[in-house]
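Labels A, B, C, D, E and F are assigned to the chains in the order they are written; within every chain, residues are numbered from 1.
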């Protein structure tokens, strides 16, 4: 019954990657905590790099600076 | 003053449906808990079926399989 | 398959009220959007009035002022 | 290490405004709580006015009514 | 830089389990998406079974019924 | 009308600090984006250091190691 929300920057995550990530997280919760995979919900949010800030600046700005 | 976040898969929810849903949830909180509707906030997130996982697979995959 | 998160101030919400609220929201999503109630998840967060702000002050402060 | 999520209606927020908002919130957490800005994460969600409800109606409806 | 929020019912999750879960999710994001583990944030919310609803009833009620 | 959620580790945040933080964030949104403070909602979540992970380990573990 767990609910998992994963936020990553929107930078070309493919359908296949999303599918693998959902499978991986669901298995992890089954193996580590014994959670029923049938009712495990995983939601992936892809966030524009202009809307994600770390260290007081946007990821867009960091990428430009080469960090 | 309640805050409600509703996440559904992005599958053609119309403006009218969203409007009715917001009205319905706000009334429910007023009727059941006595909450002031004027300050009740409801936010609807529509999530791509590739980004929503249940049972270890994406909703896109489930729809293809006919579940 | 919807996921609903309801945040309210922590002010004595009983088990019965929580139960009725979960039932009501699940039925609303079934009636209005045709969502399967079996996979509808509702999570209620009760937030301390010191930790909830509106209008630039905490709910604790508002309650003291009588608003 | 704080994590901040800011939701606003999607109404033309520029890159520059987002950048200033992220900087401002990060500085506030540093000045008021002594939090390390390097690990402060800020995520801005811009929500369609059809998907944001307050007072039992959508922001789109309120804007039309002139509120 | 991913942010992950995991919600599970509050039913005796130990420190060790939490620690292993955080490690596991962080490694998964590194292995599958190439994300830097140093800036991956994972937050676990433990939710009272009275406050978690599925299928229109609380988990407390389901546990009593033996589901 | 903005909604802001701030998550910090649970390490002795006083009522006064919470109050100042709510005031500061609300003013920032008013000054930078012209948002009406009367309908700005700020919710602070204090998260146990066992439940917050960064760099693949819990904050509890990092604190013990002296980071």
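Operating definition for what follows: a contact is a pair of C-beta atoms (placed from the backbone, for glycine too) under 8 Å apart; a residue touches a chain by one contact, two chains touch by 3 or more.
Quick caveat, the model's predicted, so the values are computed rather than measured.
Chain centre most remote from that of chain E: D (centre = mean of CA atoms). Over half of the residue-numbered contact pairs of C-F are shared by just one pair in B-D, D-E or B-C, which is B-D. Interface residue usage between chain A and chain B, two copies of one sequence, is largely distinct: under half of the residue numbers at the contact are used by both copies. If each chain is reduced to the centroid of its CA atoms, chain A and chain C end up 26 Å from each other.
Averaged Cα coordinates give chain D a centre that lies 14 Å from the centre of chain F. Note: centroid distance chain A to chain F, computed from Cα atoms, is 21 Å. The residues of chain E that reach two or more other chains are 1, 3, 7, 25, 39, 41, 43, 52, 54, listed in rising order. Interchain contacts give a graph that is no line, ring or star and is not complete, per the touch definition above. Chain pairs that touch one another: A-B, A-C, A-D, A-E, B-C, B-D, B-F, C-E, C-F, D-E, D-F, E-F.
Those residues of chain A that touch chain C in the shared complex are 1, 3, 39, 41, 43.
Of all residues in chain B, those touching chain C in their complex are 1-9, 13, 17, 20-21, 24-25, 28-29, 32-33, 35, 39, 52, 54, 59. Those residues of chain F lying in contact with chain E across their complex are 7, 47, 50-58, 60-61. Residue ranges on chain B touching chain D, taken from their complex, read 15, 18-19, 22-23, 25-27, 37-46.
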